[in-house]
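Note sheet for the following structure.
To keep things simple, chains are lettered A, B, C and D as they appear, and every chain counts its residues starting from 1.
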Amino acid sequence: MAALTKLLEVRSLSKKFGGVLALDRLDLSVAPNDILGLIGPNGSGKTTFFNVVTGIYPADAGSVVFERVDITQAASRTVYRAGISRTFQRSRLCLSLSIFDNIMIGNHKRLNQGLWFNLMRRSDFKRQFEESYQAARTLLDVFEPRLCDRIFEPAAGLPMIDRRRIEICRALINEPRLLLLDEPSAGMTHEETNELMDDILQVRDRKKNLTIIIVEHEMGVIERITDRCIVLNFGRKIAEGPYRQVAADKQVQEAYLGVAL
Amino acid sequence: MAEAGQKTNAPLWPGLAALLLATAYVGTMLAAEKQRTIIALLGFGIAAILLAGWLRLLEPVGRSFADREDALGALSIAATLAIGGYFREDHFVLLLVVTVLLYSVATLGLNIQFGYAGVLNFAGASFFGIGAYTSAVLNTYSAVPHLLVLLIGGLLAAFIGSLLLLPVLRTRGHYAAVVTIAFALLLKTFLEVNDVLGGPQGMQVPGMKLLGWSFNDNITIGRLSLSFYMSYFFVSLLLLVAAFILVRRLERSWVGLNLDALRLDETAARCFGLNVARWKIIAFLLGNFLIGIAGALFGMVGGFVAPNNYTFADSLILVSILLLGGIGNPWGLIVATLIVVVVPEKLQTIQEYRFLLYASLVIAVLLFRPEGLLPRPVRRYFPGWRP
Amino acid sequence: MDAGLLAQYVMNGLMLGMMYALVAVGFTLFFGVLDVIKFSHGDVLTVGAFTALATFAGLRGIGIDYGPINLFAMLAVAILSMAALGMLIARLIVLPLRSAPALNVLLITLMLGTVLRESVRLFYPQGANPKPFPALLTQTSIDLGRFNLRLDNGLMLAAGVLIIIGLQVLLNRTKLGLAIRAVAQDEETARTMGINFTAVVLMTFAIGSALAAFAGVINGLYYNEINFSIGLYLGVIGFSAAIIGGLGSVYGAILGGFLFAGLQTIGTVVLPFASAYKDVFAFAVVIAIMAWRPTGLIQEKISERV
Amino acid sequence: MLLRSRTSTMLAVTLLAGTLVATAEAKDKVKVGFIGPLTGGVSVNGLGGRNSADLSVRLRNTDAKAKYEYELVVLDDECKPNVAVQVATKMAADNEIVAAATHYCSSTAIATVDTYHKFGLPVVVWGAVLPDITYRNKYAEVHRVNGTMINQNEANAELVTKLGYKTFAVIHDTTDYGKGHNQYFSEALAKKGGRIVGTFGVTADQQDFTAELTQIKALNPEVIYFGGLTPIGVRIRAQMDKLGIKAVFDGTSGIVSEAFIQGVGPLAEGVLAFREGAPTEKLPGGKFFMEKYTAQKYDNPPEAYGAFAFAAMDLILDTIEKVGPDRKKVIAEMASVKDRDSIVGKITFDDHGQNTVPIITKYVIQDGKFVEWDNSEYTSGKRKLPGQK
């Protein structure tokens, strides 16, 4: 089959909340191995876009096609199985669970979920467990070797940056084709953010086929890592192109209303 | 417990010592007759625990239980057998012990629903009752082998429970609570007004028979004579061990992880491929199944069932045992059951005040130690496993 | 069916519904301001009823035995003391657990209910036994064929309706009501509007508990008997009523209360088998409603930020 | 569901019983038991029975000729079958307890017979009237000094039909007690040609009866027969009035209790009730019993069945004195009880351990007192029941 030019293709996607149009006939597509930045003022529909794509909210109109498969109305878990993982704006780790457990939650589709396997075939289970442990360790090692020794300790009490790292590991462990990052820099310092981005890029370079859509307010980040970005306002796409180009765009500057770009 | 830097497994002896002391203590408590002795024992017990905690003697115990659970589990079984053997002639003490064992099974079932999957169930006693009534009806009107009756009791509890699945799955939080509460009341009223099942009068339950051997006859082997409760004691212990292992393996597998995930953050869990409905159903049915089996056996032990045995208040007791012991920690549940069942029975002076005292106790725990007496430690897939 | 008989059933249903509604409103108020279920509510009702009874005995003791005065005194004492109790519970039990999971609050208040109930049973003289409750309202009644219209029932019904209307006025027309609704809407905004959050919560619990006390006295006057466990039953029904009505909505609670009473009455009339099944019927319908409308009849919006 | 029982009373009683013999020379201690409803709606009857049994033990302990020193263990069955089975198990499982006087409520007595049989504890029932308690099985352990409900319902049917009533509605609680009353009354009434227009089973802790009563009102019977105990009896009588039902309230031995009159107040006037056995003051030993009882200054009256409880405990103590503190021997000895003198008259156990109690007392409540029908103003014609011919 012909090489795929568009990993994800979104056509005139719309989502209403009550009267408000959170997404208004949004067209968007991303090519394999690209990093697409999604920017726009608060409430412009960035997170809603993620939530519709990952099936948390059903779309009201339009279509979402991922690797030629229509996932517009698909349930969250189908979207995940198709190869899309995400992080959340407000960190959604299970703080009472260990770092390992949190990462394994992301590994769901690659773990044997059969009752009989889990309860009765303990030796086979142990093998799978040890494999997963190694995988989690290697991945975690990229982000923060320090955490590897504490992998069986609760995620609670870790600093924000570590939680972000674990969340990203949770999203990456199952080797998705598309990663949706929702404001990874939220609640972190400038340096921490940059560190995190370096790690992400490192992972991306290691496994060749990883495409990323990132929602971010830190324009520095966008500038550094995205190949292309899309600016949303009131759920509508108002500009598209390399960062420098959209940053210069009149409409965009108005939308941000003096927000320094 | 902090495994940070701990590279080798903790030694066995602290756990062993603790176990021996506990066994001795429980034995004395069960044997004690005089109110003064019992009160003294209780005071001593509490003081000892507090002291041990203050001297940091409990952490090593916790660690050796974490690393050497299999060994210590086996030893605990031995300890229970020792207690049973010691009181082989004492009907009432054995009945108490059996009650503790079977309630533990029931709370383990509740723990799957509630402690892991976070599915509220305020009708635990009702499902326990369904099991008990099953054995009442089948033992009276049918020749079904009694071991099979236990199984049917469990299945029936699970099946009747499945009638609640739709509302249970669709509702959340308080709304889910009302579903099970309504069911608890519904079932009790139903049993009361329904003549076929004896109405408020209840039913007699013929005792258990196994391979022609009747459990309700006292046992005499040569010169030593045993209470007929001894046979029930063995079966109950067997059941508890099985349930314990089941729950343990469940927790220490991807299944346990899934249940935790959907309890702690359903949305995130969905986004990582979890079939929330499936796992909630499994947890709810499995829990009720365990509760039902325990109920079926308890029905035969008690020899009598009546609607008033399975009220909403009794369901509350089960739930609060869970909280008292530390949600999600099977060891804690057993300890809590022991306390809730035995203490008021022995301490006649508080008989009248049992519900009052122990409701206050739960309030205190919720206010000052919300994670329970033995908080659930972070998951270890294989006790003592080290990379 | 004979009209008189029908009227009789309707009357019975209305009396029950009114009591249920009074309890349900309490639940929904608490939930509104704090998003918690205070399950000890029903037992507050019990304590209220027994307080009234004790007051009555006390007045008898000092020789005051004139119906209206006694009734007034009983209501006053019961309502005020329960309002105080409500505040106390909110302060000591509910507010400290705000951050804890909802389940803990549910459980702790369930246990608190047990404490109250058991305390009545153990510490009220002969508290374990049902207590005759004085019939202080007029006992005159008009016999209309098969319908026996009792003036006291009429009075109680009127009083109940007045109370509910009064509550509506309080919520919709007064500063306090505004504050309560503001907190119910959004705590943070309410705080920034300079509303004293704790004070509002305490007031809400006071009002709710006062309603419970009133319901308790009505219950006593209606049955001429109270016992330590009336609260458990009424509490559970009130909770169910509030839930099927839709938590957080006062109208929902009232609707739920009368709906439940209606179900019970209908159960007794139309069910082919023994009327004893009326509760089975009623609770089955409650479960069915939960399956059909998981957040109650008057839907409560659950919008989750992701 | 938890093993439930209330025995704080037990301590008090044993203490008192103990002090009385403090002076007497040391004898072997023997434990005997009592079970009755000490809390809940019928607790007055339970406490009356408890006191009467306690009285018997005290008298025995003060008696220098007695071989043993007795200790009374008291448990509360709350008149609930499930609780009864739990406390019965508790008592029977305690091998130190030789024998016991048990149960006022039929629902609890019938629930526990198997337990006593299982553990081989000899018991003498002191208040429960359901025939099945002695007649369903043939347990050597179970005896009863008071009569069964059969005769009282015959007497009941006879009286109400003699008064010219034709139509009856039956309300009974759905425990074996209420069901039994329903059955035996219906049979007796059928013989006398009365007609039952409706039968309603109600649960023993039901609160609201307006539904049932509204239906009864539509049926418009002359008499409402009530087979149940005081608590719901009170509620039903009160709610009858609320619905303006004028019918006669015809009760059973279950409402023969001061608590009923206090509960319903003036509405009690003209309520009928029946009880097997002569009224306490007319019993052979009635006078003696009342004197001793009042001397002890118990804080509540012996109530309808106190005398039977005393007789039951006395019989137990006699037997133990005779054959010694051994359950098996006691059972054997009790089998042969014949024409044994007691304060309730001669006791003779048939092969089911059932005492024969021929006399039935008919009561009507008059001016807030249980008055024997035959010397009431209703017989003399001074007063009339509603619709009395």
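Please note the rule applied: a contact is a pair of C-beta atoms (placed from the backbone, for glycine too) under 8 Å apart; a residue touches a chain by one contact, two chains touch by 3 or more.
Keep in mind that what you see is a predicted model, and the values were worked out from it rather than measured.
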### Query
From chain A, what is the lowest number of touch steps before chain D is reached?
2
## Note on the structure
By Cα centroid distance, the chain farthest from chain A is D
## Note on the structure
Cα centre of chain A to Cα centre of chain B, whole Å, reads 42
### Query
What is the distance, in whole Å, between the centres of chain B and chain D, each centre taken as the mean of its C-alpha atoms?
39
### Length of the line joining the C-alpha centres of chain B and chain C, rounded to whole Å
35
### Query
Taking each residue of chain A in turn, which ones touch at least two of the other chains?
56, 88
### Task
Among the residues of chain C, pick out those that touch two or more other chains and give their numbers.
274, 276, 306
### Task
Please list all residues of chain B that touch 2 or more other chains.
189, 192-193, 267, 352
#### Entry: Complex contacts: residues of chain C adjacent to chain B
31, 37, 93, 96-97, 100, 102-104, 106-108, 110-112, 114-115, 118-119, 122, 232, 236, 239-240, 243, 247, 274, 276-277, 279-280, 283-284, 286-288, 290-291, 294-296, 302, 304, 306
## Note on the structure
The answer for chain C against chain D in the complex is residues 2, 5, 8-9, 12, 16, 126, 128-130, 132, 141, 143, 146, 148, 150, 153, 223-225, 229-230, 233, 264-265, 268, 274-276, 278
### Residue ranges of chain B in contact with chain D within the complex
35, 91-92, 95-96, 99, 125, 128, 189, 192-193, 195, 199-202, 204, 216, 302-306, 308-311, 314, 317, 340-341, 344-345, 348-349, 351-352
### Task
Could you pull out which chain D residues touch chain B in their complex?
1-3, 5-8, 10-11, 80-83, 85-86, 89-90, 92-95, 107, 110-111, 114-115, 118-119, 173-176, 179, 201, 203-204
### Complex contacts: residues of chain B adjacent to chain C
120, 164, 166-167, 170-175, 177-179, 181-183, 185-186, 189-190, 192-193, 267, 312-313, 316, 319-320, 323, 352-353, 355-356, 359-360, 362-363, 366-367, 370
